[in-house]
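Okay, here's the structure, questions in a sec.
To keep things simple, chains are lettered A, B, C and D as they appear, and every chain counts its residues starting from 1.
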Amino acid sequence: MNAIADVQSSPDQRNMPINRVGIKDLHLPLAVRSADGVQHTVARLTMTVYLPPEQKGTHMSRFVALMEGQTEPVDAPRLRTLTAEMVALLQSHAGRIEMRFPFFRTKSAPVSGIRSTLDYQVCLSGEIDAGSYCHTLEVLVPVTSLCPCSKEISQYGAHNQRSHVTVRIACNEQVDIEEVIDLVENQASCQLYGLLKRPDEKFVTEQAYDNPKFVEDMVRDIATALKADPRIGAFRVESENFESIHNHSAYAVIEYP
Amino acid sequence: MNAIADVQSSPDQRNMPINRVGIKDLHLPLAVRSADGVQHTVARLTMTVYLPPEQKGTHMSRFVALMEGQTEPVDAPRLRTLTAEMVALLQSHAGRIEMRFPFFRTKSAPVSGIRSTLDYQVCLSGEIDAGSYCHTLEVLVPVTSLCPCSKEISQYGAHNQRSHVTVRIACNEQVDIEEVIDLVENQASCQLYGLLKRPDEKFVTEQAYDNPKFVEDMVRDIATALKADPRIGAFRVESENFESIHNHSAYAVIEYP
Amino acid sequence: MNAIADVQSSPDQRNMPINRVGIKDLHLPLAVRSADGVQHTVARLTMTVYLPPEQKGTHMSRFVALMEGQTEPVDAPRLRTLTAEMVALLQSHAGRIEMRFPFFRTKSAPVSGIRSTLDYQVCLSGEIDAGSYCHTLEVLVPVTSLCPCSKEISQYGAHNQRSHVTVRIACNEQVDIEEVIDLVENQASCQLYGLLKRPDEKFVTEQAYDNPKFVEDMVRDIATALKADPRIGAFRVESENFESIHNHSAYAVIEYP
Amino acid sequence: MNAIADVQSSPDQRNMPINRVGIKDLHLPLAVRSADGVQHTVARLTMTVYLPPEQKGTHMSRFVALMEGQTEPVDAPRLRTLTAEMVALLQSHAGRIEMRFPFFRTKSAPVSGIRSTLDYQVCLSGEIDAGSYCHTLEVLVPVTSLCPCSKEISQYGAHNQRSHVTVRIACNEQVDIEEVIDLVENQASCQLYGLLKRPDEKFVTEQAYDNPKFVEDMVRDIATALKADPRIGAFRVESENFESIHNHSAYAVIEYP
């Protein structure tokens, strides 16, 4: 096997570093550890490192090998370790791992208390750059938004719809996925549930009507709550409302700082 | 160039006909002619023919060449001609062309009359099989649905959301895309608009509240209207409601006959 | 709570049965049992029943409740039980459950033997109709295809690409997901791996070149193998080749009988 | 109509500016002017403005009204005007318009000269921020990549695949969409065509084999060409290779400066 040429390791003359090179959309089962315990899900991974100008190519198979050898549930400390291992394995000094996966939570309906599962889209990323490590947590939380203008100007009813609120935070201390979900769901016109009995449906209908929010209100109220948390250094909050009266979305984003 | 082998034309020994073979997802600009005139859009095309057991391969480039040579606006008669030309060109006796494209209509807001554009997804298909030709028209119409149960049990408000109603019809006589859109929009809790002034928003909010429909009502009312049209031989109507209180859809389909 | 109106249970006057009504795209974690054992994945579920003309609406929450109460790993017998339970719970006589999920397999590289995971898209469906039960298994297997024409006419090289082969079978007896995967991978120009060392990469490159297949060959060879299996009553095999020399796909489908 | 409350215009107390608020995924037909002339396509638009802390909401309908009133073909100067008009209309001092659309070009096959159409994904964006205007052009160019390692270590053949190269440039002077396409296609292992005759297929197969490129080579060679163009102030070049031997992508990105 030594006789097989190693093209990637040959020198490169173009004097052009590559910011990030690696693999994208590797699909793997993944155990995730969060506040509520360990859950089994499936992830799409993007793993990249910095490539210095003098090196022709990176070693793509090492990214996959690293993940194949990893069996522990992933949480923030574990991702930090994996990112450091990847950068060392690829003989680089900078790199990033992104893990995107559906995350599930059991919720209790607001009146009947009946329990059901709701799904959220999460992206964890760990990055080493210029000698320091940064952990980012992104959560897409689906909620109900109800339009204050429609409520105000109409004799009855108000248009409402499903909205996707996406919060991304860079945190030095531990912030759990569940905490971000709670924070967003508390600021929505109403939160979603997998299973609602009729008394629950009455409750969520009236709660949304009692609690109208523009897309602007949603991102402002969530941003206010995020700013109040000393563990969160920087954040981005985005809401896309799939307007029930249009075929386009209302959209807002706040980035801080 | 004659010396280049024609592998596709060699005989095949497996005794296995292929129902449909050709190309998928060819992207092209397309002019479409409908009741309101000719509009420019972009299409994704799937073009296939039956391949008899004795033939090793079809001639993929001929599908593309046929479309490259076609410059007329497409309507039902033009699609019929194209389908016949394709089947002849590929030396087959059966084949199908599917053209998927966004279709745009100018609508007037219900109170202010202000005009704006709404987009619909359309699929035209022409098929020759067993000596006869079948034209199919499929239109996805986005609408508002408002839940009768939520309205009935709640003191105020009612959950509503964007819904996708997809109607597919096989028609011997001409049925225009605009007719299908009108038929669906007339049966929804309310139709969508690109642009609404405040008096319009009040109108659509109240209209949806006055006109609640389950996903079952939507498909039944549309099916009833379709059955009443003697030009329509067979149809399929499907509604997917992106529930504003859940993270899944309510869904119903009626196929006739 | 008894005072809350049950709108769905009221009678309907339109005399229009609904072929399928229920929920779509419910996301849940799912344990799947197959030949290699039990694996944890995540599923998107569509669950529908027939609704008779006299009934206004189905009971959407019962679909979700059924799945929330289900904790056993899913295999063909378990899906059959679930389908029967759903139809009984919704007081219907016909219904269908579709479960779509990524399925993972550990594979050994062809020369080094190094092990890695590959992902496949699977759809299991169980349907009760007219008193009989039908189980359907659909597997999307990603493979390499290499063009025989390109190889034949070129002095060196041959264009190749990733292809998606989708096999759907209706089976009376048990056919495992792994069996369908093996059958497809054995007929491709070459199979895919998550992790390949250089000797493996040499092997798969040469194997694909030694084993060129048109999209027509792929579906014919797979159909031939499926026809030879007495457990399989009916099937559909489809291949989409994401041509590396075009921006559209080559596509073929065989349906049997 | 004057009696209808204008909720959006009421003052806001949260002291929280919104970086971008507006509409997302508005679908419209669009005429685009580029080097080869004017073409008709369809666009998805995202239009946002900065909202100061004291203002409760933006006026969503004005974004749509601006585009409904716009009939001229869009090019860089026209987008600049539209962006300025939007910011003025929404009484803001900062804002961005993004227009995503398929762009079509007629190409001649390399040997036969036969002409056909190829599609590219383009995003034009115009942004006003802190008193200055920035125009960005992004083009996704699909190409063929052929692996140098696979070629080197194998006795015959080499794995190749479709790749998506995405170039985004910020330019003070006019750079045409066609120029970016040419630049990328010239650096690929081979470019794609809608229609190839057999002599053409022989040509592209051999050209790709003669011109192997890692994902690293692709982004480096394109970045080198972009750096040499004095009109381009900053750029980002990204390549995703849909590996024909794996079920994940090889991926690289260079950002400059």
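Keep in mind that, in the parts below, a contact is a pair of C-beta atoms (placed from the backbone, for glycine too) under 8 Å apart; a residue touches a chain by one contact, two chains touch by 3 or more.
Note that this is a predicted model, so its numbers are computed, not measured.
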| Most distant chain from chain A by Cα centroid | B
| task | Tell me whether chain A and chain D, two copies of the same sequence, contact each other through the same residue numbers or different ones, using over half shared as the line for same. | result | same
| Approximate Å spacing (C-alpha centroids) for the pair chain A, chain B | 34
| remark: Whole-angstrom distance, CA centroid of chain B to CA centroid of chain C, is 25
| So how far apart, in whole Å, are chain A and chain C when each is placed at the average of its C-alpha atoms? | 28
| said: Where in chain D do residues touch two or more of the other chains? | reply: 4, 26-27, 64, 119, 149, 153, 194, 196, 198, 202, 247-248
| Once bound in the complex, which stretches of chain C touch chain A? | 1, 4, 6, 26-29, 39-42, 61, 64-65, 68, 102, 104, 114-117, 119, 194-199, 202
| remark: Residue set of chain B touching chain A in the complex reads 118-119, 142, 144, 146, 149-150, 153-162, 190, 192-194, 196, 198, 201-202, 204-206, 208-209, 242-248
| Where on chain A is chain D touching in the complex? | 4-5, 7-8, 12, 14, 16-27, 46, 48, 51, 56-58, 60, 64, 148-149, 152-153, 214-217, 219-221, 223-224, 240, 247-255
